[in-house]
Amino acid sequence: MEFFIQQLVNAISLGGIYALLALGLAVVFSIVGLINFAHGELMTVAGYGLFFAIGVSLGLPIAIVVAIFAAVAMALLIERVAFRPMRRADVTGLLLTSFAVSVILRVLFQNGISARGMPVPMPSALAGSIDLGFAHIGVIPLLSIVATAVSLGGLLLFLKHTVVGTAMRAAAQDFAVVRLMGIPANRVVAVAFAVSGVLAGVAAFLWVAQRGSVDPLMGFVPVLKAFVAAIIGGLGGLAGAVAGGFVLGFLEVACQAFLPAAILPYRDAFVLGIVILILVLRPEGLIPAQTGKRS
Amino acid sequence: MLSVEGLKVRYGQIEAVKGLDFTVAQGEIVTLLGANGAGKTSTLAGIAGLAPATGMIRFENQNLIGLRPEDISRRSIALTPEGRRVFPALTVAENLLLGGAMHHKGGSLDATREEMLTLFPILRERYRQRAGLLSGGEQQMLAIARSLMSQPRLLLLDEPSLGLAPKIVDEVFRLIAGLRQKGITILLVEQNAVRALDIADRGYVLVNGRITLQGKGRELAQSDEVRAAYLAA
Amino acid sequence: MKLRLALLSLTALGALTFAAQAEDLKIGLASAQTGTLAFGDQPSLAGLQLAVDEINAAGGFGGKYKAVLDVKDTRSDTAATVQAAQELVASGINILITPCDADPSIAAGQISQPAKVVTFTFCGTTPTITSAVGDFMFGTYPADNAQATVLADYAHEKGYKTAYILKSPDSAYTLKLPEYFQQVFTKKGGTIAGEGTYSMGQQDFAAEVTKIKSLSPQPDVVMTSAYEPDFPAFIKQLRAAGVTSPVLGSDGIDTPTVAGLGDVVDGVIHSSAGLPSAGTPLEAFAKKFTEKTGKPFDTVYIANGYEIGLIIDAAVKAAGSLDPQALRDAVANLKDVEGVTGKITYAGTDRMPSRDIALVELKGGSRSLVKTATPNPADVPAP
Amino acid sequence: MLGGLGVSRESLISGLMLAAIVAVAALVTGFAFGANGERIATLFLIYLCAVLSISVFTGGSGITSFGHAAFMGIGAYVSGILTMPKALQVSALPQLPAFLAGHETGIVIAVLAVAAAGLIAGLITGVPVARLGGSSASIATLALLIIVHVILNGAREITRGSQTFYGVPRLTTLLTALIFAMAFILIARLFRDTGPGLRLRATRENDVAAQACGVSLFQVRYAGWILSAVLGALAGALYGHFLGAFSPKDFYFDLTFLLIAMLIVGGMLTVTGAIVGTALITAVIQILRLAEGGIDLGFVHIPVIFGLTQLGLGMALLLTIWRRPLGIVGLQELGPKLKALVALAPAETPAKPASSDKSLTVTTLSKRFGGLQACDDLSFTIARGKVTGLIGPNGAGKTTLVNLICGQLKPDRGTVMIDGENMVGRAPHLIAKAGLGRTFQAIKLFDRMTVLENVTVAALTIESNLSAARNAAETLLVRLDLGKEAQRLAGTLAYGERRRLEIARALALKPRYLLLDEPAAGMNPVETEALKSMLDRIRHDFDLGLLVIEHDMHLIMRLCDHIVVINKGQKIAEGAPAAIRRDPKVIEAYIGAAPETEIIAPTPSTGGVKNETAIGIA
């Protein structure tokens, strides 16, 4: 029983991180049609933010703010420098652009910071576990779940109860009409990137808290997971991204925990096989994006 | 108020509007008539900044050519696009909010919204519903109300009667006539010439991207040439 | 026209190849300066560079040959390593140095072996690395089976009866080293309480950790040869889950990243080539390194890179020329080369050197020496 | 002569020229710069093969494939396992399943096995890719890359998982690579101009128009994908035997990124572009590699920047997408310049068959979208040799009706019979083949193909081979006064010529019925007049039933024998032009009726706003 509850907590916490990542991709995709493979590098930047902030003993809460700020700044920078000039490119052109941006950023990290990993020590309070009576649950998984819930809730409030959030949802349906309302396109796009930066920053904190170090290539794995999760959920839909993230997290933990040892090496293949099965049954993803887009 | 000279709008290879000259004076309802494909919608898109236009569009002595749609909106011009294009997944309330979001400071947004709900009682009933669930007529009301939220001085209306039942069409036209009473200048694009000319001060007839006929509303309504423009009769 | 441009570029390339003189000792490095192996290759290169600078300044290798380094980054990628090795061998190098891992080293060695170029791996430790390639291939760092034996001996001494093994089939190092440990540990009376596998770079160890946590009783010791970024993730999640069993690791975690993790790694013991404790030659070297380069001496890989320079110097001196066969034979017969971590001997080995192994304990962000040991050859498992 | 084989002389010459240039460049590099020159030249040729394998599909279909590195991986591993010396295999792959172990085949058998593996992989993966099309297909190829990588990593017994797979014989020399590259160049260059290649390119330019020309999107994409998968696997085997050691990571994002950069920078639409891009990027990488370790130029010291090659690749890709989306080469293949058709192929007038009782009949056709009844119980007949006009105001349901007739939409009810055969349920390309040609409201040409190719694509649907199709197309072009423009790109034609070309293309299907969707839109009166006389002429010459949808009433009234008027999805009138013009229902539909209740301008609106200044008068 305890084993089962622990695995369940693991699945929720991992799924939550994937959901944040997939959401970061979906927010941008829904508005500009860009699958941003440089999203992983936003996480790396946030990771370096944590590293430097903790390095100068700023304390964890401030370090997290620094990390998020770093990711937002980088998101806005790449939007302005790389993606805005390409806005007329098609989905594939934008995807290629983001590959190029991602590669360039990695080289810059390797040479500007270090090709080697950097330690990010976390307060020892995070390394403990809490005895809930029926199960021991690690602080970090619990923190992941809380942070995910807070971020998702915050994003929901932002999208529902602010003008620019409402405009972002509208822009996902019909960007031209949003502009007709006098709402500047560039600002909506920039805010979408900033939001994806915030999500990347939060995810990066959880990711780094788990792995303990940052290195220039650390963004690659999470962005792939985010991509898969976003596809499962239905590319471009925000609800779908969250659902896709949790489905992927549950699948991975379930396979890791319950597959017999002989098949375990094929875990990732197994997970992707189930993903394909989901897509065969629902080609548009679990919760397809609603778009009323017109040319 | 609005004066258009030599307006051309081009989509790729096709020149949809081939040099239009017309004016709209403060407080008027002016209608652009013509068959499908005559270039009416393209003209409105050109004025609102949605389509690349050349020539001269002077609004209160400022040239609008080259401005972005958002800049034009902030100069108090609103376009209610063809096919309504409400945001289906947003509620009526949210649709209205976006219409006026960039045009108000402080509490005036709430006041304007209250006016809209009074003007369109049906929207008050549907206030928390998603716009996609509204009927065609209700969506048209919402689209117009959303445009009015920005308190425009010039309202561009594109085919407001399209796809609506006759009874609803009456209501829409009555409403448009009422708006003029409130001091809003209106440029109306309409296929339903009889209805449009009934409420318009003046009208222009477009054929193939050019103006072939213009005149006072009621006079034009009597003209055989309007019929000719539509039916080659 | 574009083809002409391409040809022009190639002409320029030909003209630039290379400033080295015929009398120089050309050392080519197909080395992972970026990517997952950079943790070992970057500091190794820094150490080697220092050795080359010093020896060049003192009259050259073997007293007469100035060494020139040609560094190609392999991005920790096998295909790029192969291409870099081809490029370097084709440009006529005397010595090839390959990355800190067996796989790319074997791939590169298969290029240099037929060309009879003496090849060293920076810190590839798989004992089969030399036999897989041939007689021109040399290891430098203590081999996996030797490290595993010292670790198992230590576990035995401490009275650990049960061990949990975590390994990854993704590389020979992460797979075989724990298996060697298992062999020695069980031979000496220990039992394996369980074993788990992970994928390199998998990040999330929750499921593995939960399995360990559910063992009853808890294992006396957990042994793994995971390194960056897996080891930090694993140890953090292991401790977070409340598992308090001691953890044994191998030389891959002798990096500032792991030491910098804070109290979560307190008590972790790992094998290494050496530790700059007070009064040792290694401490003197560490000081010198920091003085000359301005960089901290934060990992023993720096010393290992430096020692490769010393080994080459000794071999060139013994061979008296740069003749490939003579050079190879000279390396193979080196005995008691005075390195900064101790004496290094190739004579009588399978080209994996025999040298001391240090056991190091992490505490409060720094390392302390537990002991230095040379494994009993009879205990060391066959590769 | 070559036409009979499905290959034109020009494309063969072009292919040979390209192959010769590549051969000379590779041999010069290979022999002039010593061992490293040879290595670089060999690598260039291998990359060229890989890029060409992608180009066959991506250049043809316009769908960027991120998945070809996966095929290369499959090829490399298959060939590696089969050719590995037995003794080595035992130590390197002790757990290899028995059926794969110990073959140590020759390279020829291995190459055949690789081609077979590529074929199987292509057959399986091609289904979703061909079905999806567009960006979704691109994303599917990206997923394919990830999936194959995961499988290669997982199949530890066969591939050593993520560990290096070594011991593969190094068989790829400059000469073998050159032979492969030349073959690949010829295949890729000739494929473009074969029937399937032409059709594939047509789908790239416009998928709806391609269907209207009788092209099955799925079939041509599937065929192109399979060919390119086989080539990709072969290129991978070549690469594997060059490296001798590799791991799954070597067939993943880095390689994909490199190959796509080569393809995009050179220009993905042409074989010439693939060659130029590969050469350029190879050269740039080699130069950057020299600088990577830092260079002291005496006056300035460039610091060590590892990853400089990646930086260069990224920048090259960004610059290309930003400034030159079509790549350096753009649209034009290197090769002999083609001449215009000058009065060749005597324009014989076909005998006019009598066909009075044949017709296209629409019966009780209905279609509903959600709450909107777009087509409501429509019935009418288009007679052969006659012009039928279809008119109706904006939103009347004309577009829906056209889409129903052409098979783009499926009706809820009703039939569309062509000469007695029911078309409902058939795919659009089959309806086109059955005798219905069409043009589009917004002209849909294959803009980046020549005028002749545009018409040939359609002619291929009914002709038995490429040369017959080409002849038919040439004849048609001459007849429609487009002979001089035959070798121009369709996108460069003037507006009137574009309309004519679209009609010529539709006629190449030898249709019995031709549907013209607003043919006069955007034309001036002179052009419209010319159009009218042309339509009159072709309907007689080709014995066609014409259905014309048009807003220009002058044209409709003079052109049509019979007019059908629809409004709000229903037929409201039908008859001769004169009668239609007088029909009050038509007049009302078009010009509008008086309101049901009188509107007097100053009347307050229904909402009854009390406050006159309620709506802010600014």
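Order as written gives the chain letters A, B, C and D; numbering starts at 1 within each chain.
Just so we're on the same page, contacts are C-beta pairs under 8 Å (C-beta built on N, C-alpha and C of every residue); 3 or more make two chains touch, one makes a residue touch a chain.
Worth saying up front: this structure is predicted, and the values here are computed from it rather than measured.
Counting only chains that touch, the fewest steps needed to get from chain C to chain D is 1. Looking at A-B and B-D side by side, the one with more C-beta contacts is B-D. Rounded to whole angstrom units, the spacing between the C-alpha centres of chain B and chain C is 74. Centre-to-centre spacing of chain B and chain D amounts to 39 Å, using the average Cα coordinate of each chain.
Inter-chain spacing, taken between the CA centroids of chain A and chain D, is 34 Å. Residue positions of chain B with contacts to 2 or more other chains are absent. Shared interface positions of chain D, i.e. residues touching 2 or more other chains, are given as 153, 156, 161, 306-307, 310. Multi-chain contact residues, meaning those touching two or more other chains, occur in chain A at positions 107, 110, 115, 265, 267-268.
In this structure, the chains touch in the following pairs: A-B, A-C, A-D, B-D, C-D.
Those residues of chain A whose C-beta lies close enough to touch chain C in the complex are 2-3, 6-7, 10, 13-14, 107, 110, 115-119, 121-122, 124, 126-129, 136, 138-141, 207, 209-213, 215-218, 221-222, 252-253, 256-257, 261, 264-265, 267-268.
Looking at the complex, you find that chain D touches chain A at residues 63-64, 135, 138-139, 142-143, 146-147, 150-151, 153-156, 161, 253, 257, 260, 264, 305-308, 310-311, 313-315, 317-318, 321-322, 325. Every residue of chain B that touches chain D in the complex is listed here, in rising order: 13-16, 35-38, 76, 112, 115, 118-121, 135-136, 148, 151, 153, 159, 162-163, 166-167, 169-171, 173-175, 177-184, 191-196, 198-199, 208-209, 226-227, 230-233.
For chain A in complex with chain D, the touching residues are 35, 82, 85-86, 89-93, 95-97, 99-101, 103-104, 106-107, 110-111, 115, 220, 224, 227-228, 231, 235, 265-269, 272, 276. Interface residues of chain C facing chain A in the complex, by the touch rule stated above, are 33-36, 38-39, 42-43, 169, 197, 199, 201-204, 206-208, 210-211, 213-214, 228-229, 232-233, 235-237, 239-242, 255-264.
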